[in-house]
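Which chain is which? They are A, B, C and D, in the order written, and residues in each are numbered from 1.
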Amino acid sequence: MSDKRRSLREAIAEQVHDGDTIALGLALESGIPFAAVHEIIRQQRRDLTLVGPISDMAFDQMIAAGTVAKVIAAWVGNVAGGSGYGFRRAYEQGQPRRIVMEDHSNFSVGLALKAAAMGLPFLPTFTGLGGDIVRGHPRIRPVDDPFGGPTLLAVGALRPDIAIVHVQRADPQGNAHLWGNLGLTVEAAYAARRTIVICEEVVPEAVIRSDPNRTVIPGFLVTALVEEPGGALPSSVQGYWRRDFAPFLAYHQLSRTLDGFQSWLREWVLDLPDRPAYLRHMGEAAVERLRVTDRRLAAEANFAP
Amino acid sequence: MTSRYTRRELMVVAAAREIRDHEVVFVGMRLPLLGFGLAKATHAPDAVGLFENGVIRDRPAEAFIYTMGDPPNIVGAVACLGLLDVMSLLQQGRVDVGFIGGAEVDPLGNLNTTRTSSSGALVRLPGSGGAGDIASLAGRTVLIMEHQPRRFRERVDYVTSPGHFPGRRRGGPATLITTLGVFDLSSGRVRAASLHPGVTPQQVREATGFPIAIDDHTPATATPSADELAYIRHADPEGFWTGDSMKTG
Amino acid sequence: MSDKRRSLREAIAEQVHDGDTIALGLALESGIPFAAVHEIIRQQRRDLTLVGPISDMAFDQMIAAGTVAKVIAAWVGNVAGGSGYGFRRAYEQGQPRRIVMEDHSNFSVGLALKAAAMGLPFLPTFTGLGGDIVRGHPRIRPVDDPFGGPTLLAVGALRPDIAIVHVQRADPQGNAHLWGNLGLTVEAAYAARRTIVICEEVVPEAVIRSDPNRTVIPGFLVTALVEEPGGALPSSVQGYWRRDFAPFLAYHQLSRTLDGFQSWLREWVLDLPDRPAYLRHMGEAAVERLRVTDRRLAAEANFAP
Amino acid sequence: MTSRYTRRELMVVAAAREIRDHEVVFVGMRLPLLGFGLAKATHAPDAVGLFENGVIRDRPAEAFIYTMGDPPNIVGAVACLGLLDVMSLLQQGRVDVGFIGGAEVDPLGNLNTTRTSSSGALVRLPGSGGAGDIASLAGRTVLIMEHQPRRFRERVDYVTSPGHFPGRRRGGPATLITTLGVFDLSSGRVRAASLHPGVTPQQVREATGFPIAIDDHTPATATPSADELAYIRHADPEGFWTGDSMKTG
């Protein structure tokens, strides 16, 4: 089988292009691929469309760095602090550039990805009726129930060029085990033309095959596999990393001003070559405080035939 | 006797009282999460809680959580599904009550968390998250708000989470819990059900940007019992969510 | 929490009524709840509508026993032998009674259940276009794509009165762990008004909570929990029971004639009070040959926070 | 030299040759499953196999399986998903080729596995299973049939698995592998691509219930190599699927 391993720099360089539609932050507050977000900023991608449910701080950073032309999401901000100031500056003042916002609810953005994952032009729903999100929405239209029930809303399929997901482990072909929060990870990986899987550890295929029900993304959907331990920090990874709250609050404070954001950007993105350097910059003590060392193992599941 | 408590502790108790035993609850973070835990610990031991990220719990997390995605919220969950799985259960009508909040509310219970020009300039807010879905699809919704004139508006600028509207299939706002009182929204009008101890009708009217019915016999919101306070302070030991300068009672 | 444990006899008596629509055999060839099938026959339910993808021998037995008025399925027969003679006699000659057949493909019957699971009146699909299954189908109608694409088919929601599923383990509240084949198990449990979970073992809730991603059916959807080890035999249960091939072939031979079926029915259903008696009638040696004793455990998954 | 082989072994080899490397294959049971394993072992090491019950494998099961749900088919799978997950991938266009069989076929490649009156009385067949979905949605389909006049009909009684039809979105029957030969269906007509060794055009015409184009230069189906036979006999040691009285070659 083909080995899909790449460095994060290679994976972003090969697979993320200017103007691409990128789904990330799909598990909501956990497993956000911040290392990839920062590498995309370092590689100066432009005119990206970002897709996700609640993006936490990641979308705000990419918007404030000027990489984003459009956002398709249910919530953009900073879960710890509320508002995303980078998002607000772009939306309210066009700083550093104007962005187009396609507002969704978590359900509707999920259905848009699910429709693409199912190979359908749309999926019907009742969510949003009576509200302003769906009024004049470019991706949501009324659809009649052919069985005579009340009119529903059709959410049009959204097919990202690429999905970037962070998981606990994968084999060299990209067969990926993910546990804990799933959110919209599976739907996005199925829907996207290309999928980059970033994992805490690449494991022998026997580990993945020992529990095929844990494989949320089959390798044949994966176009690049990156082993990047701690690549989701400061967000959490079940069984591997605790959430680091301080950086969310610090970013929230700093990003109130453009200067503050620029200083954050230099210190944590532009002046660092890669994620290992980011972890060194955090300091070993800080990293070790976040590393999960306890064990609460899943109960045995016997697959013997 | 009741010990001293904060307005937010009072709101948690009011939120808990909105949950009946055996109900399936779409739980938010902050006060509703504490309210769910308090209800479980008191009158609703068999209530089940759903989180929009796919987590299903029948008891609160063992450790304090800042977001629903925090690892302690997965540990001990009865199930950890996908977002669309819990949204499907919500759309199917399996969720009895959901809690939502917003930056602005109007008399129909419409909530705005998307954008507002109430203060003049356009302000972009984070957006719906799962709130619009809960407002659309839950059996009933409980709204939780800071009670301020600029937040209580005749008509919100943008309806992120729909309140009462003609042709609604199901549910809609039932109760509004604010920093000043508890209000009944089930009729599509705002009627004071109780005012928090020490709050006058006049204060409420001044803090509300639209006419509001407060009859003279409106009771005071029941104050937290010692056990209720003990639970809340165990669950939020630093007062991260329930701390409040204005001590009362 | 309420304890949902019942004996299989109690669960069928309380929850399965004449005229009910029952989904079972949802994991396809494995985990077929034969013990429940036989108990339903013993309790002489009538006018049932059966729902499932490929039912293997279970639907044939219920049809031949006269319990069934209608079948909604993609395939009815005996995977080991092909044709289901009980099904054929009922469909071709009305013996022991006429049945109505609602033909589906695996995908379309799955979408019908999924639509109900999602609280929707229908789901769109492209499957079946150009074929006879969908022509004049009572549950499948054309639906336009509101975004201007080609016309699709809408598969109408199918909400069973009850789903009966066999899993490896569950806690007393019915939170159920299932691994190996899933098929349409989850969709049916979400869609059904009531769900009976039959498990190999009831385990302490700590076992289930140690791996919430393995919980395919949350307990609040479960109306009865039955501990019935070997309740799926002769079908397999991953990690617990091998498939027993002989009974499928023997039934295939015997059921060619009505007399043959009646003799099978007496020996394996009517003359046995319950599943433990069925296992005794198989003989300890036969049962032990089928019991999985090897261990091929799923790789560790650490959920520590 | 080629050792003796059965018609079914020949068909397995022909099936394997329909699979290209790196393709995603919707695998059936019996001969297609053996063909998938043979292709993996020879010219298509990176092919991936999907099963309609949700199993995804990149190599055949270690032990002989009678049904795709047998426990050995789960052991060592790369993924075990739900039925709708693999059907979604199929509908999305991620599946290059699928194998299906039937009781009756017609020149358009329509397959009937639902009901027939070809022999006079109505006979109810088991139905579609996943075959109708594969026929509708795969990038191309390969049909495998017993070659008998009553099965090869001008028009099948019931189209369970649609063949070529106007307005088809994608795919359709590409190849028909029978007990007598290999036929090209890609044009919407049946054209002999090869006849099995020892089979005459006359035999084929007599066994086919409709006119069929067999040009005089139609080659003989390539015979199994020793390695191919070795693989097949390792995978089906008892000849459960490939055994055949008529020895040839």
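Keep in mind that, in the parts below, a residue touches a chain if its C-beta (ideal position, glycine included) is under 8 Å from a C-beta of that chain, and two chains touch if they have at least 3 such contacts.
The model shown is predicted, which means the values in this text are computed figures rather than measured ones.
J.: Consider the two chain pairs C-D and A-D; indicate the one with the greater count of contacting C-beta pairs.
T.: Of the two interfaces, A-D and C-D, more C-beta pairs touch across C-D.
J.: Measuring from the mean C-alpha position of chain B to the mean C-alpha position of chain C, what distance in angstrom results?
T.: Spacing between the chain centres: roughly 41 Å.
J.: Report the inter-chain centroid distance for chain A and chain B in whole angstrom, where each centroid is the mean of the CA atoms.
T.: Chain centres of chain A and chain B, defined by C-alpha means, are spaced 28 Å apart.
J.: Which positions in chain D are in touch with at least two other chains?
T.: Expected reply: 55, 70-71, 74-75, 80-81, 90-91, 137.
J.: At least two partner chains per residue is the criterion; list those residues in chain C.
T.: Residue numbers touching two or more other chains: 119-120, 125-126, 179-180, 182, 208, 213, 238-239, 242, 292, 296, 303-305.
J.: Identify every two-chain combination in which the chains touch.
T.: A-B, A-C, A-D, B-C, C-D
J.: Which bits of chain D are touching chain C when the two form their complex?
T.: For this pair, the touching residues of chain D are 52-55, 66-71, 74-75, 80-84, 87, 90-91, 110, 114, 121-133, 135-137, 158-162, 165, 167-169.
J.: In the complex formed with chain A, which residues of chain C make contact?
T.: Residues of chain C touching chain A: 119-126, 141-147, 149, 152, 154, 156, 168, 177, 179-180, 182, 203, 207-208, 210-211, 213-214, 238-240, 242, 292-305.
J.: Can you name the residues of chain C that touch chain D in the complex?
T.: Those in contact with chain D are residues 27-30, 53-54, 73-77, 79-80, 82-84, 87-88, 91-92, 101, 103-108, 110-111, 114, 125-133, 150, 179-187, 235-236, 238-239, 242-243, 245, 292, 296.
J.: Give every residue of chain D touching chain A within the complex, in rising order.
T.: Touching chain A from chain D are residues 24, 45-46, 48, 55-56, 58, 63, 70-72, 74-81, 85, 88-94, 137.
J.: Give the list of chain A residues in touch with chain D in this complex.
T.: Its residues touching chain D are 1-2, 116-120, 173, 175, 190, 205, 208-209, 212-213, 215, 218-221, 303-305.
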